[in-house]
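Before anything else, here is the set of structures, which you'll find just below.
Two complexes follow with subunit A in common, the first pairing it with subunit B and the second with subunit C.
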Partner chain A sequence: MTALPTADSRFRGNDTLSALDHEAQKIVAKYDEKRAAVLPLLHLAQDTIGYVTPEAMEWTAKWSEVPVVHVREVVTFYSMYHQKPVGKHHIRFCTGTSCVLRGCESQLNYLKKKLKIENGDVTPDGKFSLEEAECLCNCEGAPMMQVDKDYHVDLTEKKTDEILDGLK
Partner chain B sequence: MEAILSRNFNISNAWKLSVAEERGAYQTAKKVLTSSKPEEVLAAVMASNLRGLGGAGFPTGKKWSFLPKNNPKPVYLVINADEGEPGTCKDRYILERDPHQMIEGIIISAFAINSHKAYVYIRGEYVRPYENLQAAVDEAYTKGYLGKNALGSGYAIDLVVHRGAGAYICGEETALLNSLEGGRGLPRLKPPFPAIVGLFGCPTIINNVETVACVPHIMKNGAEWFAALGIPGCGGTHLFSISGHVEKPGVYELPMGVSLKDIIYKNAGGILGGRQLKAVIPGGISAKILTAAEVDVKMDYDSLKNAGTMLGSAGIMVMDETTCMVKMLYYATKFFAHESCGQCSPCREGTGWAHKIVTRIYSGHGKIEDLDELLRIARNMERRTICVFADAAAWPILSYIGKFRTEFEQFITQGKAALLEPAGAH
Partner chain C sequence: MANIVIDGKSFTVKDGITIIEAIDQVKSELPRYCYHPGLSIAGNCRICQVEVDKMPGTVIACNTRVAEGMVIHTQSEKAKDSQKVVLEFLLANHPLDCPVCDQAGECKLQDYYMEYGVYDSHFDETKVKKTKKGVSVGPTIMLDQERCILCSRCVRFGDEITKTHDFGIFGRGDRAKIDIYPGKELDNKYSGNVADICPVGALTDKDFRFKMRVWYLGKQESVCPGCSRGCNISVEFEKSRPYHLKNDRVMRLKPRENKDVNQWWMCDEGRYAYKSIDQNRIKAIKASRMNPQWKDTLEEVAGILKKASLSAWGLIASPQNTNEELYLTKRLFLDTLKWKQAAFKAPGQDGFEDNFLIKKDKNPNTLGAEKILNLGANEDMTAIVEKAKRGELEGLFIFNHDLAKIFGAETLKVIRQKVKTIIYQGTNLNPTAEIADIVLPAVTYAEKDGTFTNFEGRVQRIRKAVEPFAGTLPDWDILLNLAGLLGLTLKYLRPEHIFDDLAKENSAFKEMNYKKLGNTGLIWSQ
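After this line comes the complex of A and B, so read on.
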């Protein structure tokens, strides 16, 4: 019988995680209790792998000395942890009140048409993913979006083109 | 008015220690840690009338005084940098542009409450502010301003920056503690209050970024000076965020008690495109809305409470005459339905139910009875849950429908075409 593909087959392997062990040790040492390291360990694993794999949850649980199910609870609670791969560039598009007032709906529609994706999707080439976000607290620059680490404010269709077309 | 909290916002690279030090950073902390007693700092903060600037407005000195005496456990200072209240963007300025101001405040505050360990909980999406803050903390450690012998005083202070991961509820202080302890951000039942049982079961003081940034200024210039900047019972200045339909949205540092009308028409340059004002939310999405006729009000905790709303996080959102209130309620209920932590039934069910009904109205299938049903749901959420999130979720429903009922009724009976995307709207 041929084994079914598992999450492991897409996963870059436990070697990636063991390479993070040294960093994990430093993170755990900063806290008064090891369990407090759950969030930063998950951030580290996700930043390295691209998303939170089942193995990353186990690795986090091991270092923070909590049950894996606890880590899973955490991963599913917070919007920033992804359980499947996102695009090379992840877009959080703000739909907070101030952005709505300054026309985020038409900007968001433009972005969706441009990338041909909906909320939660990844482009077929894996380059972009889109998440409609709650207020990102850059209200003075509405409408705005976050691409990877950076906030981009006062969006227009032209500006969106420039930002996204400029990314590799 | 002289800029106090915002004095370094437009200085390039003020997040770097060399620039911050040229501008006087850490001099006050050094003086306080080497020549003052913790009780003197507490007394000054009490006398300054500093109130918590994260939204609740609780007197900071009073909060600090709740810590148990002769306590054998460690005391923690936790800084709430989980800015997430829609309409609020002020703490980001301190974190990204002037983190040393806050770190200096942390050093003095930790000393005052006999804490040797501080955590800054910063929202996960604030990546660039986090990077600047962490770089500032690293520089402060390298220089010996933080660590075992902070500023050469013999007093030990460690500071850890902790990133959140995308959950509005973690701005609620007990949810923040659970999140900081590595769990889901579920608010805790109170009492016990965090000052008695907080982080890791130890006495903990949780202060907002801006609040703690005020402390060095109080210690440098005196409590009376700080108190005199504001109004009786509420000292200092405040960073007001203003956004929406104004010509110059931004963050403005103004004295407590400034007129809302002045912020809109003077500081923010008036209504966008010269249109007419329709409504204002004065303190983040959780604050009840004010109509154009109600904006002649002072921006402080008591005045806004008397006006039936709240100062909250001082995130002012301005809506002009083209704004569709049904649409605004649709987005408000979407926000609360998405962000409810799910712990208490009235909130978990109420926010979702309310959003479904508002969605039905917004999509043109509403019934007149829906309005009273929404009000009933909202009233059944208020004061029935562990934290105030459910109250905050109820208030937009109660105030938008309460003050703009005719518009909601017209939307339902005459169809949405007349009101959606009117000419000239964004």
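After this line comes the complex of A and C, so read on.
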């Protein structure tokens, strides 16, 4: 079960959310059925706040007219919605079959040791977070990882150093 | 209409119904978990596999519609194999902790597991453990996540019946688990129903949990006396180990299907009100002589009633009594003794009401009392109570009502001072019973036969589930005995005979009898 965010982040979330109302209206208007807007609304909230807060779920529920308990079902179903803050850079490290066959395990361990975090953690400085992912559909480049929106393929320890050290 | 064949027998069923509905209509058997006739189709548990000629593989019966000429097999090797495979998957992460599970004995997962003999799983993997085991999710229900088979019945109940949207399935794959929204409680007025519909031991009823194994329970069909809806129920009581829990005999109430009254549901207030059947009961007769018995007490009462002047006595009858008892009340007090002052309605007692089941009239038989006693505008007891307070009455015969609750303790005190004789006939202890000169201990709805008329004029049977406590008698029996002592000879052996006479005399009950009432009751002819 996800820990509930602190009062601080909640406040930040609420403020930000009401600023998104206009955008939400436009999203909802695009669909015949309001409930179809659940996914884009959640993405909008996550992109703005950094993760999906309980308030963001309530806000999505309000705009989509889907009971909040079912919004939460959606959030917990899809691994691309985060229920707690992620790092400034979010790493999704593929552990799919092809990547396993091509030795992702040692690469993943190297990355964990380098950042001193485990799956699901954020570095203390808030810069990186790690998530082990299923096949990211780039098997030809195995082993691979996704950092924010970019794919990085044919990983080696050297390459990982370069990628991560190069990020601000 | 569609002509279909189920397991070699031919049937004609309505077009467009599902195979499982057809199977239920012809009273055949098929395993099911997610399917519930009162909820939308989910088709997610997959256990209801059947083989249909000319269709490849097997199909789920709950989401496949019948078609003309369909030949369905529920027991064929192919169908059974499919069901068995599905069962094994459902058990993949199930703890099989039946020995400590309260659902054991009425769990379909356990039943089919035994029946299909899937004792040894083919799974080598360690079971995925869910975190919440025996966790309270609200005032009435405990949740055990690892027993859940994710059938989503409880989710749909919250969405479709109570519209309170309580449960959700969070996460996915083998980590998916049932829960309510974090920080919320399952606290709607119908919450107990989720324990009934949960096919496994994931949702259990706090009130019943660990009280008794279900195979020790006896069941009797009855009607909830909690309000004028008259939900059909089954009264479940300790059958084979009497008094294992001391004086608690009735263990729980369960709703019983009646499409026209309560469908498959009942409210929590009605469900948990059964405790008054065993607790706080009046078990001892009170009369002027020491150590009174029924015979001498009824003789004493008859003596008083014989001498009572018509205008100086008041009758307060009860809409908690059955139609049969109200009919005897009428025959005795109104027709024979010709009392002028009679009422049965208590003012200001309306309670909560919604637009689903719960009615504000908390009596099961107000309509019956109206029709049978036929008191016109004098139904409300306020006038009688006012007279009593002014000292204009010599005596009161009160059935079941507690005047302290209705008019306040002060009023009861005044009445006690001003009225010479108060006779009380009722089931449970209360201040009115306490101050009465004569107390006649009656039995509850679970200890007698009879009928109630619900808010829309539906006459429904209640049936004796447990024997009356020693020293108590059904109201109808007390009234019959009194009538005899007062020279009104009524030859009824059982409530059924009383009802037959009521049906002859009162046009509302015309042509009704117990047999015709059956299990679901009949509506008054207008």
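Basically, the second predicted complex is superposed on the first by the 156 of 168 C-alpha atoms of A that agree within 3 Å, B and C clash if a C-alpha of one lies under 4 Å from a C-alpha of the other, contacts with A are read in each partner's own complex, and residues count from 1 in each chain.
Throughout what follows, a residue touches a chain if its C-beta (ideal position, glycine included) is under 8 Å from a C-beta of that chain, and two chains touch if they have at least 3 such contacts.
Small disclaimer: the values here were computed from a predicted structure and weren't measured.
Student: Between subunit B and subunit C, positioned on subunit A by superposition, is the outcome a clash or a fit?
Tutor: With subunit A as the common anchor, subunit B and subunit C collide in the superposed model.
Student: Quick one: classify A:Arg72 as touching subunit B (first), subunit C (second), both or neither.
Tutor: In the superposed model, A:Arg72 contacts subunit C only, not subunit B.
Student: Between subunit B and subunit C, whom does A:Thr156 touch in the aligned arrangement: first, second, both, or neither?
Tutor: A:Thr156: touches no partner chain.
Student: Contact-wise, after the overlay, does A:Pro54 reach subunit B, subunit C, both or neither (first, second, both, neither)?
Tutor: second
Student: Given the touch rule stated above, what does A:Leu101 touch, subunit B (first), subunit C (second), both, or neither?
Tutor: Touch status of A:Leu101: first partner only.
Student: Between subunit B and subunit C, pick out the one touching the greater number of residues of subunit A.
Tutor: The partner making contact with more of subunit A's residues is B.
Student: Could you point to the stretch of subunit B, among 43-51, 97-105, 295-303 or 349-357, that collides with subunit C in the superposition?
Tutor: Stretch flagged for C-alpha clashes with subunit C: 349-357.
Student: Indicate the residue numbers of subunit A shared between its subunit B interface and its subunit C interface, in ascending order.
Tutor: On subunit A, the residues that contact subunit B in one structure and subunit C in the other are 70, 73, 77.
Student: Can you name the residues of subunit A that touch subunit C in the complex?
Tutor: Within the complex, subunit A touches subunit C at residues 1, 4, 54, 67-70, 72-73, 76-77.
Student: In the complex of these two chains, what residues of subunit A are touching subunit B?
Tutor: Touch list, subunit A to subunit B: 30-33, 35-40, 42-43, 64, 66, 70, 73-74, 77-81, 92, 95-98, 100-103, 106, 133-142, 146, 149-151.
Student: Note which residues of subunit B are touching subunit A in the complex, please.
Tutor: Residues in contact with subunit A: 74, 83-89, 92, 117, 123-128, 131, 160, 162-168, 179-185, 199-200, 241-245, 249-251, 281, 285, 315, 317-319, 323, 327-328, 331-332, 334-335, 338-339, 341, 425-426.
Student: Over in the complex, which subunit C residues touch subunit A? Could you list them?
Tutor: Of all residues in subunit C, those touching subunit A are 131, 158-159, 165-172, 180-184.
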